[in-house]
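These notes open a run of structures that come right after.
Shared between the two complexes below is chain A, which has chain B as its partner in the first and chain C in the second.
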Partner chain A sequence: MENIAPQLYTLLVFMVVGSIIAIETKNLLSAVISVSAVGFALSIAFLFLGAPDIAITQLVVEVLVLIILIRGTILLDNTAIEKGRDTLAMVASLIFFGMLLGFGALIFGSTGFPAFGEPLMRVSKVYVQTGLPATYAANIVASIILDFRAYDTLGEATVLFASILGALAILRRTGKAGEEVVSA
Partner chain B sequence: MKGLSLIVKTISDFVVAFIIIFGAYIVLYGHLTPGGGFAGGVIIASAFILLMLAHGREVAFSKLGERAAHILDSAGALAFLLIGWAGVVGGYFFMNVFGRGEQFRLLSSGMILPANIAIAFKVASSLFLVFSALAIFRRRSFRSMIEGELR
Partner chain C sequence: MTVYFLCAVLLTMGLYCLVAKKNIVKKVIGLVIMDYAVNLYLIIVGYKKGGVAPVIERGMNSSMLERFVDPLPQALVLTSIVIGLGVLALMVAMCIRIYERHGTFDMSQISKLRG
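Take a look at the complex of A and B:
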């Protein structure tokens, strides 16, 4: 595997800058577009890391979310953010990230990070070695998420089902009311 | 709100079928090439969302009705659950009891292909429903809506 660190660092800087712009900008539409730019950069990062499955999913979901968010944003009257910054929340999050970085440095500073993809854990070793012979699925991601760990996927589908049920239950009433106003 | 311009409508009519075919390919070959039920389902949903954006709600609902989308959503979830229960026949939940077939063929790897199809139906119809629920928000802000509720 060739060295892909420079590309990944470039994408990482781009994502950090995009996230800061998304937080700092006063215009809601700019914030939505910066968040989507971060998502697209993430999908390119997945491609570099050799995960085309997740890259495809991230890309199509990002496109859909961008459409939905822009559509939701332009329907609002007021798209500028007037509220000032919450100082307490900023201080709290700074303390939190400081502690996270400090303890992370304490833990990993002595032992050092393991190399990328190494060591292969016991469970994932079994998946990688028996994925093709056990399921005959050439795409190892499919053999893991739909055979070895299909139970996880069922939980994921349940979460999606429940969240969409909830979203429709909340939006339904206002939607019906809006329709009456339009047709009347 | 009767959709976008004639150019957009014509191009989207032309493109929608290809988007659905590409989504079906991503779903059906999910066990052989990158992709799968979720990604393919989102692509198929985006085809219907393109129809809704270009032509307005009525045309999109005439292709895939709201009730049909509800039924497909629940049917996809139930089908995935049933595939899991089919494994109980062989021994345990989500056991791969269907034949594995021949390596690198479309009809292989047992339950992965039907599970991908079930997830695709579920994801496509539910994302279409979410977008239609959000698109019903016409030109009314949240603030005026809340004030209308309070009044």
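Take a look at the complex of A and C:
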């Protein structure tokens, strides 16, 4: 695919609109569905950007995100936000974040930032050239994850394990001490 | 450059939702949107014009290797997406426990109950 700009812009505008709906809607269930639509659009955008591994992972993770968020909202009693908005705080924070975006665009636009479609491949050139002879993996992404940068992957797996452990510790019904008291 | 700007818009909208909203599920949604924006930005930085996915096929010569998109951000984003899922599970678990204890998702009412 030579020119992917129209598809990418369409998907990005869809994502921005979906995020606005997710942020501003009153019903929590609609917000969850909207943010999930944004995630599926992100998966298609990864597919256009030449990252099929990321697209598949994002698709699977997005389904799990939808399930987890719906579990967090729908089984509870009220899923609607009944209170009105604080207009002054909303306007003030919108002005602040607008200024943040404007100044950020000015700073990033003036420095030597790599243009779209011309990446700095100083490190990756070595990986692409030596990936097949050094690791015998046809997929360069897999060879980087599991061989060239395996220690990074180990650290990230540790973070994932710690977060899942924390979620299980929070969601556990009774602690160890409580069980001993009940059995005694 | 417009692609980067739209990514920044997405990130700023997530930050706004994280800071300005009072409902804690809305705050979680804001963090998820920021996660999406950062992942998309990293992949876009590594995109090469007319690039193909970095998978070597049979019969490829070395000039085809020059057309690959940058595989390094893809490798790092792949684990970042899964970590985002783990962090989301942790946050939703906290939300469920807060709702069971206080009966509401509203930050201002929770702090009022705390005294």
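What to note about this one:
The rule we apply is simple: the second predicted complex is superposed on the first by the 135 of 184 C-alpha atoms of A that agree within 3 Å, B and C clash if a C-alpha of one lies under 4 Å from a C-alpha of the other, contacts with A are read in each partner's own complex, and residues count from 1 in each chain.
One rule holds for everything that comes next: a residue touches a chain if its C-beta (ideal position, glycine included) is under 8 Å from a C-beta of that chain, and two chains touch if they have at least 3 such contacts.
Since this is a predicted model, take the numbers as computed values, not measurements.
Put simply, more of the residues of chain A are touched by C, taking chain B and chain C as the two choices.
In the superposition on chain A, A:Tyr151 makes contact with chain B only, not with chain C. Contacts of A:Ile67 after superposition on the shared chain: chain B is touched, whereas chain C is not.
In the superposition on chain A, A:Asp53 contacts both chain B and chain C.
Of the two partner chains, neither chain B nor chain C is touched by A:Thr111.
By the touch criterion defined above, A:Thr87 lies against neither chain B nor chain C after alignment on the C-alpha atoms of chain A. The intersection of chain A residues touching chain B with those touching chain C, taken from the two complexes, comprises 52-53, 57, 61, 64, 68, 71-72, 76, 132, 138-139, 141, 145, 153, 157, 160, 164, 167, 171.
Every residue of chain C that touches chain A in the complex is listed here, in rising order: 1-10, 12-17, 19-23, 25-26, 28-30, 32-33, 36, 39-40, 43-57, 62, 65, 68-72, 74-90, 92-97, 99, 105-106.
Contact residues on chain A toward chain B in their complex (touch as defined above): 52-53, 55-57, 60-61, 63-64, 67-68, 71-72, 75-78, 132, 135-139, 141-143, 145-147, 150-151, 153-154, 157-158, 160-161, 164, 167-168, 171-172, 174-175, 177-179, 181-182. Within the complex formed with chain A, the residues of chain B that make contact are 26, 30-39, 42-43, 45-46, 49, 53, 73, 77, 80-81, 84, 93-94, 96, 100-104, 108-112, 115-116, 119, 122-123, 126-127, 129-131, 133-145, 148. Against chain C, the residues of chain A that register as touching in their complex are 1-2, 5, 8-9, 12-13, 15-16, 19-20, 22-23, 28, 31-32, 35, 38-39, 42, 45-46, 49-54, 57-58, 61, 64-65, 68-69, 71-73, 76, 81, 83, 86, 89-90, 93-94, 97, 100-101, 104-105, 108-109, 113-121, 123-124, 127-129, 131-132, 138-141, 144-145, 149, 152-153, 156-157, 159-160, 163-164, 166-167, 170-171.
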